[in-house]
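Below is the structure I would like to discuss, written out as structure tokens.
Per-chain numbering from 1; labels A, B, C and D assigned in written order.
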């Protein structure tokens, strides 16, 4: 217990931050075992910092999930949600950059305490599993570690914290529902989608002629590009055909529902209309979050490779292989990245009738 | 020509930096074509900034190559080389981080000028090809773009700049030669390698028992780990057997020569000995450079995916596929990362005889 | 002229980026004078990179100025303006971080070419003077360099580029006008400002009792705090009294007009109302830009101090003194920072009548 | 207590990191008081992260102090010390950058819980006071907070941790002693300092003529520069005259002893000699640490200004004034920055006799 003098009447910095707990939670095992390794302290501290940031990310994520749980998302909450998602991206930047601190540890110095940690592993971070689940990573997409699920590596109490998140609605699902509720998919007396389709078809035809005329493609490369274009075209048709879209979902090429995909596309296309601007920023923030988690995983993989080469990690399995396979496999919002395939130059964007324009503007009469 | 007044007698800022050229080199094609797209300026400027940084990296790289061209690298030049390689890593950090500036461009806004650029492509950066060649990327490892080599995409004058670098000695080769010349591989009357071998074998045996006892491995995962360990063990034997090492090189698992690998290992193991400290920092700087180019390629891939989805790029081919395959395939110094597999905890490091210690220290008698 | 082969039909990377100009614009004077100094290349390249970023900042700034020149700012343009101002902040981050590259140059190595550059000076960057003027730095606030104005250090042609910006409307002025046009300062039948005043007065009274009761203040410190509080109170009164506000402007304590200050305050207070959310992000972006330029100047000062100690710079005057005095003196939007003094906890924020709420919301009826 | 299953036999991630303490140490007071403010969690978490980093900095600092406590610093320890000081600079980078996370909090949102924290204040961070003391901040230079010393604001137990550091040897003092022990200040039969003096005098004479001839200086500015030069010259004389140096120390213009200053100067001048290279990197790391703490304080000041304007902080005193005055006042190693004033271009550096050269090289005979 902190001793009090009159300097500490009222709230005291150290007590408010509970520094007695925070700063008394570092027990290097190498020291316990009588062979103190200087760098183990860094290893402990940086992981604790990561866990604190995970806690903060969960705090923001939970509040955003809460906004979107309701049947109707209150308009002011979109702005707040964007701010909180942007905060998550700033935290992710710090998470990525602080790997450099860990990389000041020489691989040989890590070995001085590595063995003592076995079989603990970062795979056992309950909070990170929670983040993944709440974001919307599905069991089916999750790469196992050592061929096993996380449930086998977590303590009972950690598992008790994580399991409910497997059942509850994820950010992916709630965003999908919100997108599906977008009221702007059809405009009275104006068939946006017909116009849109003709422009995209023109663009795809142009892409085809570029590929055909490109003198720099080998025959194999050209064939591959043509195949790729064919798929792009087929996928494009799915925008107008919910059956085809469903087929793409069933074979794993898509995840986002037909209606939600159309809404997201519309938001990306008309991002500058006042009423779509915040939704656009929301989608952009989700893209950023996905991108930064992927970068973090990639940098994490590099760091582990550098630290232990091709050896097994403390968790008794090849950590860097696991990490590398998750880099892109654990992305949640790839569909939002892929929508860029079907955007249009603003100059080719169908002009909206004045009435529709007004619906997408603010209402203010002085 | 800048008009002169007496304010500009002597060297003038704008003339020294040749700003008339630098700031007059942005001609957005969208503007030329009568449909000005605001964001094309950013696209031009950021690419020019990249090219300026490439020029600086080449300036540093060339000077380091020059130090190592000689039969004997002057000792003071090792320190200078380390400083210049560290400078390259700082430039790479800027290169990675400034992708965020490009990501402020919305995918839709990119489309407003994308078509006008066809078939120009970042693949045509002569300077980046030069950097890769000078670092030591071999033709055989180079991923083609659209199935073709860069020679088919470069202008004659650019090709004339790049081709000589295919023949000259690369940083990889010069570092290899320098490592091979290390005089410390054998110590009179002290067989380091015998001691070393026995410690590593003990460690590998321990890893094996960890894998066997690990309750969290599925049978398939265990089998995979055991296979991996077996390979680690075989590769380890190559450290003591130049024939086996040669075999690894021939089947593409290694690139660095037997003697150079041993020297690098020794430097990593005894990095704190004064005479090995700068060599250690040199190897670390090479690892950092490799790591940051890989990160840059990964972030580059993400950015392109986000910008154009799965479409072909301006170069008439699927840019983001190309970029993704190069991320790890174009790494040069993987062997240095992999050496971490065979490091030891400092506590298990064979103690050197006093005489050897003295050889590895500084000479100073007051 | 780049030689063409069929690899370069159509747009070619190097020509599009005009790399012949960009990469042929580095002529180290130390080399011209026969004593090549390796690091002069870095000095040239990094300054050219800065000038390219300045060009991009001006491109964004000009487009934003253009939006706000009109009598009525189109709603979609607010979102675009926010995006472009945020882009400026991302460029500033790069500008700040890349000082680390310059700091890889040892002070002694700088001396190898410093003398040759005299009397050139970064003070002669026409583009940076343009940025300052367009942002709204007034002649009266501008710190002279060596006691003289920039007009005496710029070439005629540079001066011809900069001078018009002294006369044209600045970002500060245009934002001020836009704020003054805000239609929400008065609400029918609801006197927001009376409610607001009573809450703030309560808060200031509380601050006073905190100062009086604070056992950790020396008598002098307490007196200083009370004086500070008195000033805060007087300044607060100016919010309700345009005469008092004018007096503050005249004695240099304020710059932003009475009406614009009230509008900005309202935006900051009710930032979550949909119609005020983008204006809030706009003000935040301006605060960020101001903050990052100040950080850049502070880091610039540090770097110069480290490089040349207390010597005169290449411009023949004490560069680091000049830079240090400009750090905070050249800030433009301090008034926006200071408004935080008069914010309220959201819990104490006067509730708006439903009718007002609706005015501040979006209009959409399905 | 974490429940165990067989998943947690051996070391378990969550227990090793003591996450029960770390993640159970956030109790927002706003919640306790029944008015939960979402952003208070961020406020708590980021301060805890800072304290964890402070702990790590102290861990590194203590180990470096320990190396230098001895009468003779072991050569290998210089390399290790450099690595650990560089690690501190990497941590500082993270500390600076993560202020951006805090800046995602809107000023108004901070007010929602600010009052509850009174009178707690960051000034009460015992660890940061420890860092300052151990680095070498002297009582006499320490800016009081609210006119009072930290001893009046710390709890008894915190004070008990901090007070011993006021008496023990600081990094500044230990580095000074180490520099004073440098054996290279005199070389047999070679008077370096006479040669050095003549070159510097020539350079100062040149600087004088630059100032006299500079057409861009106002009379007042010229006078000021001449005064500055006169002081530079007088200070320069102190390099050769220990009495004059002592006088500078006594009037507060210098802190580092005469002998240590000469040693540092020699190291900076001949940084590329193998035996001086690591000492050079050590001095550079100290300069970086000083620079980054200053940047951190400057950014901290900005953030507080932005958050509360000109109001008193939670500590009951004007936080941002205090922070701003400490930015440069609390720097420890300014003398190392100032030494740049007396460096030479490498081309003018007196050539060392071969014998001296050899002393400064490595000893190795194969």
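Everything below uses one rule, namely that a residue touches a chain if its C-beta (ideal position, glycine included) is under 8 Å from a C-beta of that chain, and two chains touch if they have at least 3 such contacts.
Nothing here was measured: the structure is a model prediction, and the numbers come from that model.
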item: Any chain in contact with chain C as well as chain D; value: A, B
item: Winner on C-beta contact pairs when A-D is weighed against B-D; value: A-D
item: Label of the chain whose CA centroid is most distant from the centroid of chain A; value: D
item: Interchain centroid distance [CA atoms averaged], chain A/chain B, Å; value: 28
item: Whole-Å gap between the CA centroids of chain B and chain D; value: 32
item: Rounded Å distance between chain A and chain D, as computed from the means of their C-alpha atoms; value: 37
item: Residues within chain C bordering two or more other chains; value: 7, 106, 118-119, 152-153, 216, 271
item: Contact set on chain A toward chain D in their complex; value: 2-5, 7-8, 10-14, 16-19, 21-27, 29, 38, 41-42, 44-49, 51-53, 55-56, 59, 63, 83, 86-87, 90-91, 93-94, 97-98, 100-101, 104, 106, 116-127, 152-158
item: In the complex with chain C, residue positions of chain D that touch it; value: 35, 103, 106-109, 111-115, 118-119, 144-148, 152-153, 206-207, 210-211, 214, 216-222, 224-225, 228-229, 231-232, 268-269, 271, 284, 287-288, 291, 294-295, 298-299, 302, 305-312, 315-318, 337-347
item: Chain D residues within the chain B interface of the complex; value: 6-7, 9, 75-76, 78-80, 183, 215-216, 271-275, 277-278, 359, 361-364, 366
